[in-house]
């Protein structure tokens, strides 16, 4: 989009001429921006706000957010007036309320976004805001505004899926290295293993306003059978499989790249689009599975209250007790059974699965397919789950029914043997 | 964005499998879509709604809009509840009101937009809605919803300016031919004159989700002086000027392409970005002017009440009287004076300029620069303004002050001789 | 390739500075160019030669070619010297002869080609040369030089096949309209019929140094059966076939675009690459045929000497006689039989098929498949062949054997019924 | 060029079907290829030859080259016949000789090049050939054939210059790292310093048939003054200069990437095109210099015969003697004087500069500008020249005169102080 740079240049020049850059307080500039009627001068103001913001320290940023939250909230008088004009059934008046109740901060963010390249900068701004929010719950309203707008702007219909490979531009690949959150990429050689060997794929979603910034990516291995461990998949000197004879596609890592987009979810669609893409390229594929961590297993056990332990079959209760008191790792059979119980029975309020990764895949309609002991010997793998990993199965024929059953009744789809391990009947 | 097509294909296949396409009423599908929690099945539903909609007759479309307006408005109970929880100063509660007062139709439109390629289809849907609205004022709420979302989605920061030329893709050029609204393009040869001769330029804005659909475009002629008529600019056999020796850039036509985007304005930014671009390419340029119609001149005269005529200097009053009674065209001097008075003095409620083209350019900060008699001999030119056209000047040094003066006090910037013609003092 | 323009600009500037452009005779500039040792100054000289050449009248061009042919031929002394140093078996000495016998005009053309964009200009130069050659056989050596270099530069490995459609750039589509040599394209609407309806395809070869200039293109119709006439294929209001249910792909027109590339053939490879491409896109296709003119049929009959007529079966001899004396069109059965005899039996010296189109397809390995009476009612179709057209079949299983048989023994592959019509045994 | 892959696929399939891949000897396949009349089957043969070749050991490759050299040389009988038909002045007959004397290996290479992607493979083949040639001088004829064709195919007019930066595809950047021959690039971080900091540039030439293979590249630093050492330019933590205020562009490294293209020179044009490009982007630039090694300085001294030493001024003669006998490094003044004498006075047969780097830049028209002692402390810098580097100046006003003077009379352009150091008069 080379032409756009001319606008950017124009802004620089106008800003330069007027020398406006220097003096005003950013929050005052924001007021000026909202007062402006959509003119070019407004773009200069917006650009100055973004520049000033990015030069701030974290503490200054927090103060800036607080200024915005305080000064650009809802206009109470206007809202009162709108409410007064409404009676149930009066749709036009309800829309007036809707507009009157819109915090001014939303329009402020929209206007900031007019500057070329602003979208990525606003995503970063929200990433900062999420940090500030932890200590300043009063910023939550502003956070909701960002989230509301981002949901609209990062609408699935605007996104583009691209395959990353060895002829992808270096700056994007460098970000992939940086953003991988599950199984660290150790450098360019490791990256090449993951994007440029015949039996590996890496797909990412992009937004057209941020063409060099991946939003989320998923890594895939094409294999013969369902893998029971992550080591062989990441091994440096592994032998590549001919992808045209592969029967299984394994999603072994999925990473969100933009913390500023928290709460706007793409992962479900990315996985399903990749499934469609791979089915098209490799008609020989028969099954699509993940190889996923079980991040909350050990914490579930260590947090387990004594009375809950009593619910377990006595040998398991003993294994849990030992683990809690002496740190003894449960033996393989116990560990397998504990994992089955954790994933199928441990629930949050609302009855959804306690394990966050399980919740994501089950919510997508996947089936808990296989438990793998000793599957991840990395420090994190050991620390979180004594090395246990599991496979979730994405099966076209059952995805929708599973999704509905989980969404409405929190029923978890799982292989019969895992159900039995968890003490459930073989079939639901 | 080739990858995206796989998603489209997946949707087709899923839709095909389930055979859902046929039976349900579109408005019921809309309910289903809103009930869905962001799953792939929701995409299929959305696609079915769009397909069903596009197969409707105009009357069916109006009924569909009425169903949506009735069935997807604000939830009164939720709104009452939210209002009950609010007291002035309670920002969080105000945000609750904002959300409760959001008509469900907004979320419906957002979900429809998830389908690949949906944005252009929704723009067309609103174009239909605007037609239906003329006879069904009850649809205005729904229209406001579309406008609100489009303002957010077609944010300037997402747009891309591209120059059209003879190596532009044929389908886009064909749309340029179709959309030119001011000075008709008579075919491919005429188009080539306007995009592929050295002293002509045509620039358009695009949105990345509609990469083959121009949103608005402006046509530019590079000339030596300020042109006083449109004929020589459009003449088939005119001699091309060396653009590097041109001193003037003339915006001689600006056309909106998408009636579904009414109320979302890009023209101001497009003109200013083109100015920046041309200044960069041709440092020899000294002035940027329009060659614009005066669409409301004759109607202003023919609508002029007798008592208003009395305010005019007697010779002018006579000319107006003659025009109204016998159709006699005012002579050149009178016409020039009438035009000056029309553009500078004739106002709408709110005191803005009565002439729509004048209002657009004055609002952008341009100056009324020159009146040209006999400048447009086309039937429409004669019918609207007896062939009068004017130039508005875009002068970097005064644009912002002009814009402010017009926006806040409705002061119109005009050349001294035109002010005098209108009976005003030479300087404001 | 935007960067390249900088070189072009540099050349302009250097040429501008030195003001060399004006004075020297082009043939003298050519001597200067050959004397130069590959420097930037040589590029300026080359550019000046090309510019001067293109400003010449046809007569001046002929004189220029004669100057080059005379002044840049083989260096006789050097050749004599090289010959003197050679004895059979001395390869190094033979290579010396090869180099000594290379006409200087070859190196001249290579050096002209260094200028950015020169390749297309040299192709045009040869097009002129071929015209001049008709009256000046002495230019044949120079023509051979061009052909030799073009064969090397337009090597198949350098070419790129692209599908033309409605999002192809307008300047290329305009050339397609201009170059169609078989069935005229009457304008942009007709073109759209041929490139942008679901059951039509148009493919072209390009060379990377001439990215906007198609070299050759072929037009394809996807149909259910083998078509027996061209009219329905070109009809404006025909109903489109769903290409995914088509069984037959018909090559109904193939046009060379660059007369300057005469003698460098791509058509064979283009057809076969298109076959591969279509097989890939539409697995339902079962056969690939042409719908081809029979350009030499009537001329063969009118040129037929009386004694040859005697060889024909009496009824046919009578039909020929009538056609020659009274212009009476043979009736359908006779015409069919005459066509069969013409295509299978009429030969050139070397025993290849007399008909040029037949020679092309048979040489490619195709089979004469079907004769269609009344298939082309255009003036040219009537004039050349009383409206007869034929289908050649490209059948993967027999292409190579057919090609070999035709290339080595001039055996023509034809359907059994056509063989019988021509008085041959049913099977060869 | 995605379409091309269909041809590649077709070849694979045809090759697969016929199972021809296995049995025949590559040299026999070559005979078959030459016998073929340009058919698709010839493409399969060519592909099989390339595949078979690439699977060979170095010794097998040498044998293959010997087979080709022996079996595809000039046809002696045809040549004798052609010679017999010639008399001086008979241009047509001379062309017959030219063709008869063309070794069959040339046509063989042209036909191999028809396979998609073959050009890069043939460049690699010649790289192997150049290695084999060192021990097998009999292969020189074949080497000349490759060089002749590559000169034609890699004609400047076909090349494209591209700037490499951090959004260049990773596979190309990886090759840049591998090919840098002067100042090693230690990894991706070092590379980013050289391509993606504001005051650094890297430009490369590409051929369209090898779009991911750079042919040659040059690295540029934008600086304030003429640099006297390489260290600060490569330093990891250097501070970047604002390129718009830079006055000097320094070519500090130029690397050929394809050993198979030895003898086809692009460097001169690349440097001059980069000069033009940078002048355009940065109008503030005032001078273009290199920072170049002096690779032959120490060898010149160590090879210096005693009697030559006698020609030197006595203190220098002593310094040389000490260096040769005890390895003592000459002191700074002596080293400077020795460098001046080496570069200006040491000549090859033909009187060109003995130093290869000097020969390259002087031949391009550059001026020896400055001698820098202690400029390169790398092991190679010390080993070749005790750390001495020099600057050559590319000055638009004198390039052509310098080039002519060096090309015709071997006059070396040098700064007055360097001339004096070498014992020459201040002005030539």
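Just so it is clear, A, B, C and D label the chains in written order, and each chain counts residues from 1 on its own.
Definition applied: a residue touches a chain if its C-beta (ideal position, glycine included) is under 8 Å from a C-beta of that chain, and two chains touch if they have at least 3 such contacts.
Predicted model, so just to flag it, every value in this text is computed and none were measured.
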| item | value |
| --- | --- |
| Chains touching both chain A and chain B | none |
| Distance-maximising chain from chain C - centres being C-alpha averages | A |
| Chain B and chain C, separation of their C-alpha mean positions in angstrom | 50 |
| Inter-centroid spacing, chain D versus chain C (mean Cα positions, whole Å) | 38 |
| Separation of mean Cα positions, chain D and chain B [Å, integer] | 57 |
| Multi-partner residues of chain A (at least 2 other chains) | none |
| Pairs of chains found to touch, sorted by chain label | A-B, A-D, B-C, C-D |
| Residues of chain B defined as touching chain C within the complex | 166-174, 188, 212 |
| Touch list for chain A against partner chain B, complex | 1, 3-4, 6-7, 9-10, 37-41, 43, 69, 73-74, 76, 79-80, 83, 86, 88-89, 91-92, 94-95, 97-98, 101-103, 110, 113-119, 140-141, 144, 149, 151-153, 155-158, 160-163, 208-209, 265, 268-269, 272-273, 276-277, 280, 365, 399-400, 403, 407 |
